[in-house]
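Chain lettering (A, B, C and D) follows the sequence in which the chains are written, and residue indices restart at 1 in each chain.
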Amino acid sequence: MTVGSNSDIAAVSAVSDVSGEKKPWNSNEMMTIAASRTLKDGAICFVGIGIPSTAAILAKSSHAPNLFLIYESGTVNTDPKRLPLSIGDGELANEALSVVGMPEIFNYWLQPGHIDVGFLGAAQIDRFGNINTTFIGNSYDDPKVRLPGAGGATEIAGACKEVIIIIKQSKRTFVEKIDFITSFGFGDGPGSREKHGLIGNGPKYVITDQGILEPDPVTKELVLVSLHPGVSVESAIENTGWDLKVAENILTTDEPKDFELKKVRELVATSSKKSE
Amino acid sequence: MSKFLSLSEAISRYVHDGDTVALEGFTHLIPFAAGHEIIRQRRKNLTAVRLTPDLIYDQLIGAGCVKKLVFSWGGNPGVGSLHRFRDAYQSGWPVKISIEEHTHAGLTNRYVAGASGMPFAVLRGYFGSDLFEQTSNVSTIQSPFTDEKFLAVAAINPDVAIIHAQQADKNGNVMMWGITGSSKEAVFASKATIVTVEEIVDTFQPKFNSIIIPNVLIDAIAHVPRGAWPSYASGYYERDNDAYIAWDAVSKDRESFEKWLADEIYGESGAKP
Amino acid sequence: MSKFLSLSEAISRYVHDGDTVALEGFTHLIPFAAGHEIIRQRRKNLTAVRLTPDLIYDQLIGAGCVKKLVFSWGGNPGVGSLHRFRDAYQSGWPVKISIEEHTHAGLTNRYVAGASGMPFAVLRGYFGSDLFEQTSNVSTIQSPFTDEKFLAVAAINPDVAIIHAQQADKNGNVMMWGITGSSKEAVFASKATIVTVEEIVDTFQPKFNSIIIPNVLIDAIAHVPRGAWPSYASGYYERDNDAYIAWDAVSKDRESFEKWLADEIYGESGAKP
Amino acid sequence: MTVGSNSDIAAVSAVSDVSGEKKPWNSNEMMTIAASRTLKDGAICFVGIGIPSTAAILAKSSHAPNLFLIYESGTVNTDPKRLPLSIGDGELANEALSVVGMPEIFNYWLQPGHIDVGFLGAAQIDRFGNINTTFIGNSYDDPKVRLPGAGGATEIAGACKEVIIIIKQSKRTFVEKIDFITSFGFGDGPGSREKHGLIGNGPKYVITDQGILEPDPVTKELVLVSLHPGVSVESAIENTGWDLKVAENILTTDEPKDFELKKVRELVATSSKKSE
């Protein structure tokens, strides 16, 4: 699923702090803000509902006013003033430069590699950034939990120049082996994407409630490169189902700035109010 | 050639037990009223195709109309799961359904192939995903010009496509604007087409991002104001998000769902807001 | 990302000797002024792609800019032959050109494949026609789902697409309406895009049958009122049919064509009506 | 070429009478009117410039007001009030229900078989209704006369339910073997279309200045079924490069009615005036 294509909006207001420490922001806010900062002005960005939309709107309101947002529903270069409730929210169409059919979105925009950045969420991720949004369990035909499925994710993962994955980190989500590869990251390491003919470069960042991971340029395994303020390396390791690699010079993510928090809260508040 | 019919007459004529139906509309202009009429007419064994089987297909599945679901993203957008779908798929209530699952790109291109009168379409997709192994109607195809393999998806040609649009003119042409998803392709791909519309107008006025579906592609038009509720119709009404949220509780257990069916669909009140 | 440039600067930057160029526009919005600027800048060895190489390519070919023509219908519509094309193809004046010939459906789908980032597209076409044997970049492909063979056409990805449109906004987005032919696909398929426009406006107003090309797909926009003359620009001016008829005499022999080149293209007067 | 995609407009006013006899109409008018009469109300018709447009406008103004006209330029259900000068004339767009891109015309309208009737013209035709609009001569690479090429014709010939071919009859045009098959008729007889996977039924009528030919239902060879008023069987045979089959009960085409001639002349006159 594109992040939040299911219930991330609800999650935004419900989440509690992972570290237990009192902080003037919650982890969803931190994830949103960290994601927002990765977006370069002028980039063409394939956005989903929830955190990606919040991050994109925040980026457009601050350092990246020319961010070019495309949603799979067909809205091209849209500039939503409030958080969209669904991937095809009227706000996205009303504020778009144009709205086109889905064949044009997938065949003309996504497939040939026009998209710089695509956002994905997941229920499970492995050390090579492969993700699962299809089911939890041992059998496709008899799943323990059935998830929404691929939506746009499989081809977003394949064709965007960069992919940013947003996911909360835990032993349930960061697993040694995911139950189903819905969308391909780096497969089982270097050369896997090429073997499958995928034109995009794969995951660039995995942004979690613990910190930020990037693939090692050689091995393609995810490495923890930054910790959010107040999170320890031990916590990140503890919440990972594999032997997590940690960068030698690990950074600390900059704390949320006031304007970032203000904008994110304003967006989320308006969205919740809308649904009351 | 389009005829103006009542919704009941349109469904009765063009939707039959065992048909492959596609109720399209991506978030916007979802033909809820038509879906409810299908339930009301107690159609069975439908193969129900739709990129996003959200509330509307949860309702059809819960009511026992569907034997197979062809889809690419199944959820209650912004809310959570489709409980009736899960109950039917995982527990066989009220009937066991099978699924055929795609990606949006894949299912969209199944419509494109169907619209194009080709048995297949080609794309870059699915490779690396386990979905490829689980899903029928996909295959690989070799480029005749380069040393690469691509995905081929089989055409889908539904017996009937059902969409909701903003306007019909008196000649039975239809105009829609805003997000139209894969509706145009679904119409071209289908053997019959039913359109429910908000309004019948003398002449269309230009709108950004509008598409027009000529009357020769349409079989029946039913005038059903608010026929997309609780989804929205750009220019007419907004999405009733509370109804999406409320559906979670309604659909969570069989009893509350059956009460909803009785009260809102089979009962006197219909399913109007 | 689109920049506003003079036409001369746009051609100078984005059209190079040896490039594959596609000047598109089907009868409507033909980028004549841009074509004339290419002649003026004396580009050579172009592979010139266009469904209908009418006057504009007759002029480019006569001026010696073209080494290969990729097309699907070559004529002066409503008038007759393209004399400069015939002279180059059959007699090698001023330079010998080769041709690659398609049907409209085939060449359109070459653009579609190019726009889709696929090396090929598939269609029902060419079979039974001798064209299949004569034309490169076509092949057959087996359906993976049925026992049928289809035509595959190779993608075309021009170095530069050049189109004429009615309007650009100040952000460098472009809006066109009326007949747009295969222009959208040519733009998506090309590595660079130049658009000449009739007018630069603050904001677009809704029009029937309009398409918008976002600035990220465009490299250069040149404000060239009447840049499609003698073809037409819906909402701005009509086709100058006399010019099409007059071209027959101008192009019939080399001397009168060279005089036209000297007077209308290389001379002071340009090629304005 | 679609009929008249090149110089048929000019031809309409220039043509002289084939029979030498004085008749109150010329052969182009007769061809136009005969073509017009074949068009059934409500049919979806793929039209070209020149005679097909004149015939279609005449039909819409008389017995077939609901004729649904599509031009390859993208105009859908258009209702031109004057003769279009080119396949993409502004008049066609202005009077259309909608205008779409050419991929939609060829891939969604023509290819799947939505078109009932397609018009074609030709430089050469053979006894099985195969036609040539590519070149005259012995060699594709070194033609005697280079013609415009296929345009939409090849796929029109393949996919329309019926094809109507309009061509003047002579030993130069009705030939034993055409120099190039641009668009397929019945190949070398029964079963040929099926072999090539063509979904349409092939030529239904060939309308000439001599009369009307139809394919024999069994052999698929063209048979002269109607002679225009004032034309003799001998003239038709004389103007055919093969051993022309003539129907046992050959008909005479109805003379042009006054309203037909009036409308055709009005259309052609306006068109000529436009080009003066």
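Some observations on this one:
We take it that a contact is a pair of C-beta atoms (placed from the backbone, for glycine too) under 8 Å apart; a residue touches a chain by one contact, two chains touch by 3 or more.
What you are looking at is a predicted structure, and each value in this text was computed from that prediction instead of being measured.
Common neighbours of chain B and chain D under the contact rule above are C.
A comparison of the C-D and A-C interfaces places the larger number of contacting C-beta pairs at C-D.
Per-chain CA centroids place chain A at a distance of 58 Å from chain D.
Work out the mean CA point of chain A and of chain C, and you get 41 Å between them.
With centres taken as mean Cα positions, chain D sits 28 Å from chain C. Residues of chain D in contact with two or more other chains: 98, 107, 111, 159, 199.
Residue numbers of chain B whose C-beta contacts span two or more other chains: 116-118, 123-124, 148, 150, 185, 208, 211. Viewed as a contact network, the protein chains fit none of the simple shapes, being neither a path, a ring, a star nor fully connected. Interface note: chains touch in the pairs A-B, A-C, B-C, B-D, C-D.
Taken together, the chain C residues at the contact with chain B in this complex read 116-124, 137, 139-141, 143-146, 148, 150, 152, 154, 204, 206-208, 210. Note for the complex: chain B touches chain A at residues 26-28, 51-52, 71-81, 85-86, 89-90, 101-105, 108-109, 111-112, 123-131, 134, 148-150, 178-185, 208-209, 211, 232, 234, 238-239, 241-242, 244-245. The residues of chain A lying in touch with chain C in their complex are 42, 44, 68, 76-77, 97-98, 107-108, 111-114, 159, 199. For chain C in complex with chain A, the touching residues are 1, 115-118, 173, 185, 188, 211-212, 214, 216-217. Note for the complex: chain A touches chain B at residues 1, 4-7, 9-10, 49, 72-75, 85-90, 92-94, 96, 98-103, 106-107, 110-111, 134, 140, 142-143, 146, 148-155, 157-159, 180-184, 187, 192-193, 196-199, 274-276.
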